[in-house]
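Should a chain be cited, it is by its letter among A, B and C, assigned in written order, with residues numbered from 1 in that chain.
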Amino acid sequence: MTILQATAVTKRFGGLVAVKDVDLAIGEGEVVGLIGPNGAGKTTFFNCLTGMETPTAGTVIYRGSPLPRRPDLITKAGVARTFQNIRLFPNMTALENVLVGRHVRTKAGVMSAVGRGPRYHREERESEAKARELLKFVGLTTAGNELAKSLPYGDQRRLEIARALATEPGLLLLDEPTAGMNPKETVAARDLVRAVQGRGISVILIEHDMRFVFGLCDRIAVLVQGEKLLEGTPAEVQSDERVIAAYLGKAPEDAAGSSPKKAAKKAAPRKTVPKPAAAPDSDKDTPA
Amino acid sequence: MNQAAFVRTRLQARFGPAAALIGLVGVLLLVVGCFLPWAGFAGFPGKMLNTAPGGSRLYVLLLALFGVLFRLDWPGRARALRGASTFALVITMLTVLFIAYAGGGLVNLGTGAYVALAGVVLYYLGAQSLPEDDVVAPVRELPDGRWRVLIETLLVVGVAVGALIIFVIGLGLPTASVADGPDHRLGGAISLNDLTNESQFLCFLLFVCGAMLALSRLGLVASVGAMTKKHSRVLVAAALMSAVVFPFTQGGNGYSLRIAASIGVFAAAAVGLNIVVGLAGLLDLGYIAFFGVGAYFAAIFSGSVTSVIDMHLPFGLVILLGAAISGVFGLLLGAPTLRLRGDYLAIVTLGFGEIFRITVNNLDGSAGPSLTNGPNGISNIPDLTLPGGFNFGENHLLFGVDLPFQANYYWLEIILIAVVMTAFLRLAESRIGRAWVAIREDEVAAAATGINTTRLKLLAFVLGATLAGAAGTVNAHVVKVAAPDSFTFMESALLLAAVILGGMGTVPGALLGATVLYLLPEKLRFLQDLRLLVFGIVLVLIMRLRPEGLVPSKRRAREFHEPGGGADALSAPPGHRGTA
Amino acid sequence: MDLFLQQLVNGTVLGATYGLVALGYTMVYGIVQLINFAHGEIFMLGGFGALTTFLALPTGTPTAVLLPMMLLGGVIVSVTVAVLMERFAYRPLRGAPRLAPLITALGVSIALQELVRNFYPEAKSARNFPQLVDPNRQFSLGGDVTINAPSLLTVVVAVVGMVTLSTYVRRSRTGRAMQATAQDPDTARLMGINTDRLIVTAFVLGAALAAVAGVAQGLRFGQVDFRMGFLTGIKAFTAAVLGGIGNISGAVLGGFTLGLVEVMATQYAPEPFAGGAWKDAWAFVVLIIVLVFRPTGLLGERVAARA
């Protein structure tokens, strides 16, 4: 059953076409990977799905009805996201960050907050219990009272996921969930995504760590220069020559990626491009 | 700041080993000096002549008591000593200067002045040469035991009572307008008597600052602060009691009650502004206009003879309607402009403030429709009366004390502040308050987390306007006049300064900021014309040295002082945040 | 019709002042996103600097010498204060949360006003400014439409200043670096542009133009006042926003537009809201309307994207 159906999503910035006619369907409980070289338009595509950018053309249907335009309404509808460059509320505690995620599922208004009747207290108690449960779920049991920005990097990523989960999404969009993580943290992140999937939540993730993507995703879509190159199971994608060509630079370089920062990042995924022969041996439980 | 640190390093190198000794000698001299007369002539206020120390001599003596820290190895002692000794030095020098000035030269200084000066300089040098503390003073807790809760409660009550006492002393120190004496003209404007009188207030203020600084550097302020948080109900009850009792301490002095009432209005407005600026992070530079809307509404509909509308609505209704109309103005202004970037919003609110002032100035029947009586404003607003026949304009006998009528308005203010404070505190700790802070921290992330940022910003803005309107209606009755001059940009700036000086996002901060900013010009009239100049410079200095304010919220303190505090991607740890 | 044309002329003269001051706002904002509230005070100080120069020069100095000297004096004072202000008030706050520099600007603005009020001799109310250019000398622009000498001078000086600045910004190395920094500060820094120096340059250029405007204002009204910077400053900022802040041609366009709107509204607004008493109110109404319907200003596009 399809939870999200994006059809012919296009985003133009002036003359530049960042995303071009991308179709993508996500099934209930599915984990879908979105890969592609830097500047391929993955994050822009995410932004189009979550209302950060308005698509120039195309439709996005979530659970049978079109997604609204505003980010907060999209979150309310059930699509939550994290950011490539973690965007927590740095001077709020971890618990408060997650509680902010509860905002969209709670009701108390000004009157009720000032009056503090029994209903207000019940709602606050429930919110806090939910938030603590989510902190535990992502493995941050002890960090509740620490400021978000003082958390170690991997914990910040997890906290961002907890905050997104607090909005009770049906679909979670993760933008590079393992960027900057060490191998141990990456393994933990994989387990976390599986656990999220275990809760019946569908996941789309952008990732450059190929081992991570191929070991985790049910399906993978490859985006190159704004267009979907192909879509298929990890095995199909892995063995496709076009993918390797796209990564190793046979496709023309995009002009924008000339700053040193981007160049440095570009080098990283190249190393992790799997050879066609290297099956994901480390992950015996790969879903086929 | 770096220069100070440099000088300190050199001092430490030179006097390091003997620092404690030098300091102790200084403290001893200082104590002796404090018990000797500082003035060689009678007439200088503040007990400078007798053996028993008073005024500045008492303040310096109390600051000298921190000298025992030279013999104790408490964490934070070096910083505490530096604070205490610096303030002791400043107070001593100021007082000596004032005495010398009043006495016509150094000849008239008492022996004690010389001894104390020598002592305080050594005290200062000793403190500056102490090695830097290894650790920051921790938040202490009382040991568990039978008496713990009782002692904690007493301490918390002590905080409230102490604040009341400081306020009463500060307010009670004579000012130029109260003290009449021989009129030695100084520069043609300020009498010598004023100057020497007001020097006392200045020294008192410096003393309180110095003592608080030293105590906080020892971690005691934070420790007691933790207790107040634990027993917040006790604190609120004690503070409320102190506030209610205050008129009885004034011995029928209507003037000081009036000042206290005015501080109250100012503080209530500051707390309201704190919702807008401190919580939601919206810079409102025209806040006084909303206050003005309430004030004018009350002025027009309260049966004043100078109002063109002859209608006298009951006060309860006036407050509600005034607040509501002010809120509507907030809505009308906020709805289209709140999606603008922060600094554009600041300018829009500033523009609104000016439009309001110009409008009430012009609605006099000649430049525009007749409604506000133009530049003269609406005056002679009648005293409030309650349905039971209670007249706010009359003195009342309560518990055998004849209270001046100003006490009635003072208590009205207390109710107003209590309401505004409750609203602020409860909102801050709720779903709404968290959403505001989230918006302030990162608006994009807040929206992605499901917060309707436009709606919540509007809510903060309208709520702030409503509270300002309510405060305005009350103020119109306290000051009995509403005129355009009271609603200038400078007033908005002052309110904002109160919030910032005290500490954004905290209630005690706004209260303290409002009190200090209101009391300073009232008490320091010798500064007269220089008031605003000092104010401008102080704003710049605060932003430079202590941008989080006197009573910062924990969040703000970190935000301002740690790199990477702001919610912008540029300050993130390198490598962790790529290009978006 | 003549009345309308006359108001057109009056609006242009008013707009010239706004435009000159607005350039300072726009340049600084373009580079550091700081609303330099105290820029209006720099304008005021220009007037007082010129007055001081006048008082210092011996009586009987010919106007041809006096006027350039006064202009120079005004510029020197304004530029000096602006540089000091940047160095000691704003620079230490770079990287601080946004509110901090704005509040500092507020403090600097108040302090400068009060310094002049308290310490400039007899400046507690408006001080007479030498009327070197005879205000009674009228030039006819056809029909009954006239412009008096100081106003004409204001417009001429403003146009010269604006053209010089825009040539400088478009042609010189520093000017191009400024444009680059305004568009993308990070990349500009990576390209080796010294942002610190650029910021100082922006402050200096803005202060010089503001000083010119201040002197022109003094000549036109025959007086300078410590309060004259506040309103002009806010309105010039309005003009900068109106034109699209960060955009140099925008500031000029915005200045003239605002001047015209103000004059026309005073003349043609529906009774009872016409007349000089409502002049400033209209300026702010325009500001709010512009920000609501076109927050990027008439010529601006870039800023909205970087919000």
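As a convention for this text, a residue touches a chain if its C-beta (ideal position, glycine included) is under 8 Å from a C-beta of that chain, and two chains touch if they have at least 3 such contacts.
The model shown is predicted, which means the values in this text are computed figures rather than measured ones.
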Reference chain C; chain at largest CA-centroid distance: A
Identifier of the chain whose CA centre is least distant from the whole-structure CA centre: B
Chain A and chain B, separation of their C-alpha mean positions in angstrom: 47
Distance between the centres, which are taken as Cα means, of chain C and chain B, whole angstrom: 36
Shared-contact residues (touching 2 or more other chains) in chain A: 259
Contacts with 2+ other chains: residues of chain B: 559, 565
In the complex with chain A, residue positions of chain B that touch it: 422-423, 426-427, 430-435, 437-438, 441-442, 444-453, 459, 463, 555-556, 558-559, 562, 564-565, 567, 569, 572-573, 575-580
Residue numbers on chain B that touch chain C, as the complex places them: 277, 281, 283, 333, 336-337, 340-344, 346-348, 350-352, 354-355, 358-359, 361-362, 367-369, 489-490, 493, 496-497, 500, 529-530, 532-533, 535-540, 543-544, 547, 559-560, 563, 565-566, 570-571
Chain A - residues contacting chain B, complex: 43, 50-52, 70-73, 75-76, 80-81, 83-92, 96, 99-104, 106, 108-110, 113-114, 116, 120, 123-124, 127, 147, 149, 153, 163-164, 167, 179-180, 259, 261-262, 265
Chain C residues touching chain B - in the complex, by the definition given at the top: 33, 35, 89, 92-93, 95-104, 106-115, 117-118, 186, 230, 234, 237-238, 241, 272-273, 275, 277-278, 280-281, 284-285, 287-288, 291-292, 295, 307
